[in-house]
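Please go over the structures that come below.
In what follows, chain A forms one complex with chain B and a second complex with chain C.
== the complex of A and B ==
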């Protein structure tokens, strides 16, 4: 309590205009910024993987399994920021046991469980089953047993069984695409359905979330592929990189158009809230929205990728530009989440004032907790790649 | 009023004490009890206090036959009568164990100053508890007034809609309440409330808001803010009973509600509401 009061008292002096007295405490902080960012990466990485299986984009095969494992690692961590921010984390199970049917947030457990169990786990299992069985036959000791357990002690690698696997990978991917849309679209709906908040309340919100998720997912897999491959002493597949960059470019164009539509729509309709929102964007959010999200995270990468494609550049320059673009995109998408979550709480619902967000460094809801949670998926991914190597050369022909 | 006094005695002595104890003894007992609660408050008021209170209310309601479906509560606020003294905000904090810091309010009073040049200034220093400073500007005032704010106990409450576990709910008597034993502290309801009427209790870490002093209204008493208002700017009562003071208030005044475009259907009705109030 005292700590909170110490945190809130200096904010009183930084308030501009009038805000309701209960609005001085900003309720959703850095962890809630992290949550849509993480689930966005899950959905995006999965959509990328599905391009290989459903739309038969052969060039992306080298990143297929990596994308699946990336989606898995981020999905495992996704509920952590939510849990850490609850006032009563020990009661979190109530969301599963007694969900309120009118609450978008209550659907979290079901959407999450469906996506984890019915989509990712199943698809990964069917995809790896034959390989796991073959690996376990050659291995000894603990590795053999891990692989035996992961394969659920199945042994059948007859042509018929493998054909069955392949068929099911495809079916699950087809179910998985709308599920990925659901997983992230639903996060967008959580914000988009709050009519009290004009910054959030928009029917476009789930769709904007979705496309920005695909953007971030593709960029993340591109970054991981470009970092991991040289470390393994292998050559980067330039065709695969070109394709990844192309898809990144196309989806960014859609994402940009949607955000532009949202912007134009708001300005054109010019509702009651427009003055305070304009003030918000030109003041508190200027750096994070105009500079980082729009220029650094969107326009510069778009321009760089477009130039490199038009000018037919040498492979090394291409690689560098792709990598830098993907990093910028990551920063941009994180900034997008920041601008939505924090931005939506910086103005008063009286539309008469702005407050500030002072990040705390320690504690469950602090900056360091967020950094730890953000690093966890990479550790999980490292472990997953040890158990289920996604590399092309270890696949059994 | 006699009936109320009797009920109070029964209510306050409902924990295993017979209601036929001489009232002096009960008063002393209550006084000591309150003293003990006051002494223990800094340590225990939040969690223990609220759950205890809730259980006692439930027990009392069952024993004394308060039937929620027989009631429909609402509040009327006459802006012309409010003098901005802030006694309602103080009474509310005392009655409901609301933390005294200036970040947590179940009710507060806003001052509006609209100048001839079109400038509009709104303030509510410590929710009106610290009083309002005199204007130091030479600008000419067009109009000025005070607006008490409170949970609107919406008929169509967005906070209830979004609560993931159903911890916040609208009772049959129309009062929107929070079950603090059940609230997970996700704060979605705080985001969903268009009126800034909710906060997270810093000790219990659960959502909090005005209950119309539920523990009082089930005993036929008035909410604390209504009780203390020196100008009777607040009127509390039944919406469905013709003889109720609230129905008379609604009959005698031109009525406005806050943010009607959001379709929340507030049950807090303002007389003489100004267009600048949001």
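== the complex of A and C ==
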């Protein structure tokens, strides 16, 4: 009892107005912020990859395979924050073996499995199959066996078979686009369908999630491409960068418009929650929403990319601006997730008070756990690029 | 048949084998791992009900306390804390009920505990006793002046603000600051000791406010006036105007 009081007393001092007793502690912390951020990167990177195959944007070819591997590495890590958040992670598999079709959250396991196996793995397999077979023929030792297993001991590299691969890459990408929309729209749907929470409950939520996901995915591939290429001693393809920045710009405009529409709709509708939400935005979320999400993460990058395009700048300046913009966009999108997940729990359902979120540093749900989980996809990506190099020069002619 | 199999591309054959393996593994895993009692009475393990029932009990309930501490229990149930169970303050005490000598219940002594309910908070209902702990005898434990089993204040509150701080704060910055509370609320002396049994009155007639605010009232010239006959005659004044802070919109 004393311990509980000691724990609650400092939090009580920071509470504003009236809150219900069970609202003092937030149940969803930084890990649940990280989760939609990671799945967003997956969906965004995949949509970027699909631009090459479905919409035939040739300039983006250098980033196609990298985008696929990026999506894969982030998708593998995406469930980890959820697992770390669970009270009994060892029971997580039960969600798959006892499917509950009436629960949106419970069915997510199948959406995830579909996306991982039927879309990403399959597309990467068809895309790399010919190369893997050719690599394994030249290699020896463990690498040869890894490639043989990954290719499922496939041997056929006749023109007909390769043509079949290409056709299927295209078909899977076409199936993959609605799947990517499903994967991330689904995360937005889970928040958007919580009708008791006016900050979350919005039909626009899935689509806002989706476009912010595409923004973050394109920006992440741009960052990775700009960091990895000089490390490999290669030249950055400025045409590819220009195209990436253009798409980033267009999708950001759509994302901005959707968020503005959501904002105007809420203000015009002025439901009973509007006063507490306005207070939330102008106080607890001022820095993370107005300063970081809106200005740093949206308006400044938009302005920078627009200026650089209008002024026809030299390539080096362009590269610097694109890179800084993409970093700002990442910070902004992470902040978007923060504002949705944490913001939605900061105000009382009585609409008369605000609580606080005290982030812990250690422990399974703490800041360091989140940092470790965020770093994992980059390690996985490094390993994937060793097994399935996405570089143009290692492709077999 | 052989011709048909030859026509299927190599990739499809290999992927089909993989798909079959994945499906078989899933079906085998599902049949092995699904608990036998799953789904018998709902979408959960039937024995989970029993598992929860088997959990160690922590709370005894206040009837158990009354068996030994009847005198204390009676005092508490006659006072303001009658709706609180003993274990709200003393913590879960089933162990104490079973082995009274070995386990002693908690006795919250510090100044942190009582303010969880009694710290001033504008959202708490008016009349609920509230203090600002930083300025309310800051060096004393609450229990040195207040008996938690019978928390009637040691001194009868002198001012209305002792319990109605929020209203008092609002009134103190309003144009009604100099009007005493009892001018509008007829209050029995007994309200101080039994606030809920002896409630103060509220003005029920428009003419009450009209004593100062009607156009022919003999009050100070600076007081706003209205025509009592034409100004919303169907309403009592405080239905629209908040008398403790009439400036508020």
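In the analysis below, the second predicted complex is superposed on the first by the 387 of 397 C-alpha atoms of A that agree within 3 Å, B and C clash if a C-alpha of one lies under 4 Å from a C-alpha of the other, contacts with A are read in each partner's own complex, and residues count from 1 in each chain.
Here is the rule we use: contacts are C-beta pairs under 8 Å (C-beta built on N, C-alpha and C of every residue); 3 or more make two chains touch, one makes a residue touch a chain.
Model, not experiment: these values are computed from the prediction.
Chemist: Both complexes share chain A, so when I overlay them there, do chain B and chain C fit or clash?
Modeler: They clash: once the shared chain is superposed, the two partners overlap in space.
Chemist: Just to be sure I read the superposition right, which of the two partners does A:58 touch: chain B = first, chain C = second, or both, or neither?
Modeler: A:58 sits against neither chain B nor chain C.
Chemist: After superposition on the shared chain, which partner residues are touched by A:8: those of chain B (first), chain C (second), both, or neither?
Modeler: Once the two structures are laid over each other on A, A:8 reaches both partners.
Chemist: Under the stated touch criterion, which partner chain does A:98 make contact with: chain B (first), chain C (second), both, or neither?
Modeler: In the superposition, A:98 touches chain B and chain C alike.
Chemist: By the touch definition at the top of the document, which applies to A:312: first (chain B), second (chain C), both, or neither?
Modeler: In the superposed model, A:312 contacts neither chain B nor chain C.
Chemist: Which one hits more chain A residues, chain B or chain C?
Modeler: For chain A, the partner with the higher number of touched residues is B.
Chemist: If we overlay the two complexes on their shared chain A, which of chain B and chain C does A:352 touch? Say first, second, both or neither.
Modeler: both
Chemist: Which partner does A:23 contact after superposing on A: first (chain B), second (chain C), both, neither?
Modeler: A:23: touches chain B, not chain C.
Chemist: Looking at chain B, which part out of 43-51, 151-159 or 223-231 clashes with chain C after superposition?
Modeler: Once both complexes are placed on chain A, chain B clashes with chain C in 43-51.
Chemist: Where on chain A do the contacts with chain B and the contacts with chain C coincide?
Modeler: Common interface on chain A, chain B vs chain C: 1, 5, 8, 12, 17-18, 94, 98, 100, 350, 352.
Chemist: Spell out the part of chain B that touches chain A in their complex, as residue ranges.
Modeler: By the definition above, chain B touches chain A via 99, 101-105, 108, 110, 120-124, 126-127, 149, 158, 160-166, 182-188, 190-200, 202-206, 262, 278.
Chemist: For a test of understanding, state which residues of chain A touch chain C in their complex under the given definition.
Modeler: 1-2, 5-6, 8-9, 12, 17-18, 93-94, 96-98, 100, 117, 122, 125-126, 129, 152-156, 160-161, 164-165, 168, 350, 352-353
Chemist: Flag every residue of chain A that touches chain B in the complex, lowest number first.
Modeler: That would be residues 1, 4-5, 8, 12, 17-25, 27-28, 82, 85-89, 91-92, 94-95, 98-100, 102-106, 108, 190, 193-197, 345, 348-352 of chain A.
Chemist: Which bits of chain C are touching chain A when the two form their complex?
Modeler: Those in contact with chain A are residues 9-11, 14-15, 17-18, 22, 26, 29-30, 33-34, 38-39, 43, 89-91, 106, 108, 110, 112-113, 116, 119, 121-124.
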